[in-house]
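Pasting the structures here.
Two complexes follow with subunit A in common, the first pairing it with subunit B and the second with subunit C.
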Partner chain A sequence: MNESLILLLIETILIGMVPRAMPIFSAALGETVDQSAGILNLGVEGMMLMGAITGLLVDYYYHNIVFAFLAAGAVGILFGAIHGVLVITMKLDQTVIGTALWFVGWGLSGVIYAAIFGISSAPPTVQTLGHIYIPYLSSIPFFGRFIFGEDPLVYILIVTLIVVDYFLFHTKQGLNLRTVGQDPRVAEIMGVNPYLYRYAAVIFGGLMAGIGGAYLSLAIVGSFYFDLTAGMGFIAVALVYFGKWKPWRVFAGTLIFGAVYVFYFMMENIYPKIPYEFYQMLPYVVTLIMILIIGTKARAPASLALPYVKGE
Partner chain B sequence: MNMEKSIKEPIVKMEGIVKTFPNVVANDGIDFEIYPKEIHALLGENGAGKTTLMNILYGLYKPDRGTIYIYGKKVNIRNPSDAQKLGIGMVHQHFSLIPYFNVLENISIGLKELKINLNTNKIKEKLDRIMQEYGLQVDPEKKIEEMSVGEMQRVEILKLLFRGANILILDEPTSALTPQEVEELFKSLKSLVNQDKSIVIITHKLYEVFEISDRITVLRKGKVTYKGFTKDTEQEALVEAMVGRNVVFEEFNRKETNYTGSLKVIGLTVYGKGKIPIVNKVSFELKRGEILGIAAVAGNGEKELIDALFGLIKANEGKIFLDDKQIDNKPTKTRTQLGLSYIPGERLTRGVAAGLSLSFNSILHDHWSDPYIKNSLLNENEIRKFARKIISSFYVNANSEETLAKQLSGGNIQKFIVGREILREPKYILAVNPTSGLDVGATQMVRQALIEMRNSGAGILLSSEDLDELVSLSDRIIVMYKGEIVGSFKRGEFDKLRIGSLMMGKKLN
Partner chain C sequence: MNILKIIQIVFFIFLGLLISSVFFILFKLSPLSGLGTLLYEGFGTENGWYNTLRMTIPLLIISVGLSVPFTAKFWNIGAQGQFIIGEIFATWIGLTFAHIVPPLLDIALAMVVGFVGGALWAMPPTIMKLYSGANEIITTLMMNFVAVYLLLWIVSGPLEGAQAKLVGAPTSAPIPAMDMLPLIPGTQISSGFLISLIIAIVFFFLLRYTKFGYELKLIGEGQNVASYSGINIKRQIILSMIISGGISGVAGMVYVYGITSTLIPQFFSDVSTSFGYVGIPVALMASLNPLGIIFTSIFLGGILNGAFVMEAIYSVPIDLVITIYGLIMIFSLIGIMFDLSKILRRKKIK
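Presenting the complex of A and B:
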């Protein structure tokens, strides 16, 4: 390979990785807040799928992409609230409930899809979310499109990232939320209502998972099919560990995942002799290795996945 | 000064407080007052209701009945933030600190004077001022997990002062402190009182009460049994109010014993990391009918020695014989069946299964044997009978044998464990700090029980942090230092100074 080909390869990865990272990043940002408050949400995958099908339906029938995302977010919030009632108020086991929510979202999204569009017919398609090309800046060679030519939701998510990071580490409420994740008893003694913060966290987690799912169906695929997310919700959970509960590190983790994803698409075309399943496996294997390297040093919030029972 | 105090109105007045938990009446109509500028000792046995009463004042529990007045005004304290607004602060036995956060972060949690932005400079300035004012120093940037217990306690007190607390409640503040730290704490408490604060200390240590308090309230079984100024109080009256009977500090009735059989340890060695011996070639013989004390500063191999004897860890070298039967290669089950009992130091993690009932906990060692098993099934009648026997013989404060172990207070769990290990009639008992955390009455009862076991032919290996306990109970004492036995004393030759210096690593000529 000559030099210009390698440069082209890198540019392609840069341009492609951001959109690929976004569904996972959105969900992972929500999961970061969830876990910082001590809630383990293993149902992200199901919430993403529900967001994906909801977004697609609204866009398909009403042709309004803003409404589509809002609807997906609303369904995410609904799932987050249900999650909250089960694990915060009813204090049920977070691992079991998370797994249950995954199955519900996974099955329900498939059933809704099959009921409306049938099984054999061609999948419904919508136009994918358009990109904003900032004049001049986006034509800067190499970095132009990567930085100045993304779709609007990418910029919204980056702003959300900055806000969430500031919230968690530079505001009193963020400190309160992290305290609830470390030791809800201490939070309560210090005059913080642990239940309130945990509910806020699960609702934000649901919202971001729903948006992440809709991003996949509306901005990347432009359609929906059964098990569209293919494990991305679990990757999101894993990348929270990789990111050590710090939003910017989580963001970096999702970009690496996105880059490997684009890389496998390209390599599939360059070396088609290797079975494509091998390439498909790559992003997941890389994530696994990332977790193995980092995971041993990661320290989860001390009360992660533990229900808070008042007065114990 | 006391005259002045007696005319003053109380700043806190709790009237007729009743609080019932599913299994116990913790507070049974308690009246309690705190006066300005005083250190008030709230005294009582384990489970007397001291902490419950203070948790009610701090808004953690809702009383079933009763009224609270602050500065003469009736108040309704629903949660700790209500209490904090009224100037009440409490330091619990388990600190309310996040180990992962530093001092400034811990102080800022839920702080009302912060709106949104975490302004650490502003907090630091105010903290510096408070540290100056009260002479309590900590490093504001230091993480809690890197601190000593004494430092953590200072952070807790600073946290309360930061929130404007005028009434500070400290729950057994000295239990985990070194003697120097206790001295420092007492100095700080006195200076706090001089600056118009009132302090309640919850304790069951008598000497602390006389050293530091101005006024005393004693609780027993949820009721007030004594109230008065410290200077007018006799020690005997206090003990009686606490335990409800005269505790006689007399020499135990020690019989001449002559039993055959012994627990023999030969050259026992346990390696730690990097083949460094934690227990180093330890040999001794524990005869039946004697109490052999192990004196050691914690961390000198005494714990590993006992663990290896009971089979919880494997000895790397050496032999153990129980009545001439070699047991070092046998599992713990066999050892217990041969008549070995174990009273662990970690009562909640090793002594009981916290989530099981007392009746199941009573047969942890014996659930495979008669009479607790019949036709391969648990014989519940026998099990309950045994549990009831433990509860009644050792005065365990529990509603029934079906109460869960975790619902008992620490002292009652300990009484239950000691009772279980003794009533299964072992030949040998390994006892680690059997009376730690127990009140005067329960301590005396456990010691008496150990002596009776000895008189009736059990060999007891007693490891205790309390040298007085070793001296008053043991027939012989061996001293361990860095895994080795460095000294041995017979009853009649006990010399606390010599034993103490051996424990500290001094060689005797």
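Presenting the complex of A and C:
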């Protein structure tokens, strides 16, 4: 392989990896806030699927991509709120409820799809989200398209990343939220209402999962099929562990995943001798390896997945 | 567990069913008649019962296996992957040794190898959880995806049958008929059903009357309590996952040898063969009691079978079943938590 070909490959990966990373990143950012407040949300996958189908339906019928994302976010918030009632107010087991919400979202997204488009018809398609090409800057060779030629939501999500990071580590409310995740009793003594912070966290988590799902159906695939996310929600949860509850590290982890997806699409064509099933395994194997790399126990918020019972 | 509690849980499960029946409106069916049809197709006819029990066999075995690590609050979501690996290993044995060894030995060998396959597949997540604290739900689920793609490769590559190449739909060659598990005389039910019942009863005693079962329960109540009382937590968890993964592998073997006779591809989105996921609500609904699981697996197996028929007749997608399972999980959890006597007492104090 000569040098220019390798450069071309790297450029293709750079350009492709950012959009591919975004669905996982959006969900993972929500999950980071969730977990910082001590809530383990394992229903992300279901919430993403619900966001994906909602976004697609709204865009398909009203041709308004902004409304589509708003609707997907609203459905995510609804699921987040239900999640909150079940695990914060009713104090049910977060692991079981998370799995149950995944089932509900997984099944329901398929049911809604089939009710509207039928079981065996060709999937509906919508135009995918357009890119913004910043004049001059985007034509810089090699890095131009990658940094200055993304779709608008990428920039919105990166601003969200900066805001969330600032909120968590540089504001009083962020400190309160993390205290709730470490020890709700201490938070209560400090005069902070743990329930309020936890509800805010689950609602944000639901919103970001819904947006992430809609990004997948509207900006990448331009369509919907059964079980579209194929485990991305769980990869998002794994990346929160990998990122050690720091938004920027989580972002870096999701970029690795974006690269893995682009890499396997490319390799399928370049080197088809290996059966393509092995390429398809790649994201999941990489997730397992990444979890393994974290190695020594990642320091989770001390009260992660534990309900807060007042006065105990 | 007292009878009042059981009635209460059953009540909440039906509440969950009623709520999920609302989705029948999307398909121009009234909720109650939709639910009625679903249950009638599962339990109302002789043929329906045969198909329901066919679904129940792998479901019962897997759920009973899941009840073991679940007792220690170790959430094995990977039964689907362990089931698939069990299928692959057992089919490989069947195709390799079919005409060399007597049928009974072949079946026994396939069962043992299926167990080993499932148990091996369960080990990486277990070890990762115990030694680096990796969330077992994520790792077991990732193993499921890897197993799915491994299966897709195996049925279209190494184990692809000659007839499948002609038809173009990848499956393995069939296990010879004489090596299959026989039907129960006078019925159309595979003797795999008897195997699953025996497994359930053995596991009931394992969890209820052995030191192992008692220690798992202690671990489930809290790692601190367990380690103060001198339990080797790591050893017991690994053992519980060997049993759970292995039994899921046996379920895969029984599924191939008792029902399908060939290895068929299963996609992740394929709800109709997702016994490993359905096993989770089955086990939880029965509060992890293996004898209770016999009934809950027949119940959810019947719903799965009914949904099959409804997809064919009313174009209601089988995915509806997964929603129903999710809602049933939530509501049975509420039912278990909900303490009627406590609420009544609190009212009296006030």
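Note that in this section the second predicted complex is superposed on the first by the 310 of 312 C-alpha atoms of A that agree within 3 Å, B and C clash if a C-alpha of one lies under 4 Å from a C-alpha of the other, contacts with A are read in each partner's own complex, and residues count from 1 in each chain.
In the analysis below, a contact is a pair of C-beta atoms (placed from the backbone, for glycine too) under 8 Å apart; a residue touches a chain by one contact, two chains touch by 3 or more.
Note that the coordinates shown come from a computational prediction; the quantities given were computed from them, not determined experimentally.
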* **Partners on subunit A (subunit B, subunit C) - clash or fit** => fit
* Asked: Where does A:107 make contact in the superposed view: on subunit B (first), on subunit C (second), on both, or on neither?
  -> second
* Asked: If you stack the two complexes on chain A, which partner ends up touching A:230: first (subunit B), second (subunit C), both, or neither?
  -> second
* To do: In the overlay, answer first, second, both or neither for which of subunit B and subunit C A:190 touches.
  => first
* **Superposed model, subunit A: greater residue contact from subunit B or subunit C** => C
* **Geometry of the superposed three-chain model: angle at subunit A (Cα centres of subunit B and subunit C, steps of 10 degrees)** => 70
* **First, second, both or neither for A:11, with subunit B first and subunit C second** => neither
* Asked: Between subunit B (first) and subunit C (second), which, if any, makes contact with A:268: first, second, both or neither?
  -> neither
* Asked: Should A:173 be classified as contacting the first partner (subunit B), the second (subunit C), both, or neither?
  -> first
* **Superposition-derived minimum Cα distance between subunit C and subunit B (Å)** => 5
* Residues of subunit A that lie at the interface with subunit B and also at the interface with subunit C -> none
* **In the complex, subunit A residues that touch subunit C** => 42, 46, 86, 90-93, 95-115, 118-119, 225-227, 230-231, 234, 237-238, 241, 275, 277-278, 280-281, 284-285, 287-288, 291-292, 294-298, 300
* **Contact footprint of subunit A on subunit C as seen in their complex** => 23, 26-27, 75, 77, 124, 128, 132-135, 137-139, 141-143, 145-146, 149-150, 152-153, 156-157, 268-269, 271, 277, 280-281, 284, 311, 315-317, 319-327, 329-330, 333-334, 337
* Contact footprint of subunit A on subunit B as seen in their complex -> 60-61, 79-81, 84, 90, 92, 96-101, 105, 108-112, 114-118
* To do: Give every residue of subunit A touching subunit B within the complex, in rising order.
  => 170-176, 179, 182-183, 185-192, 299, 302, 311
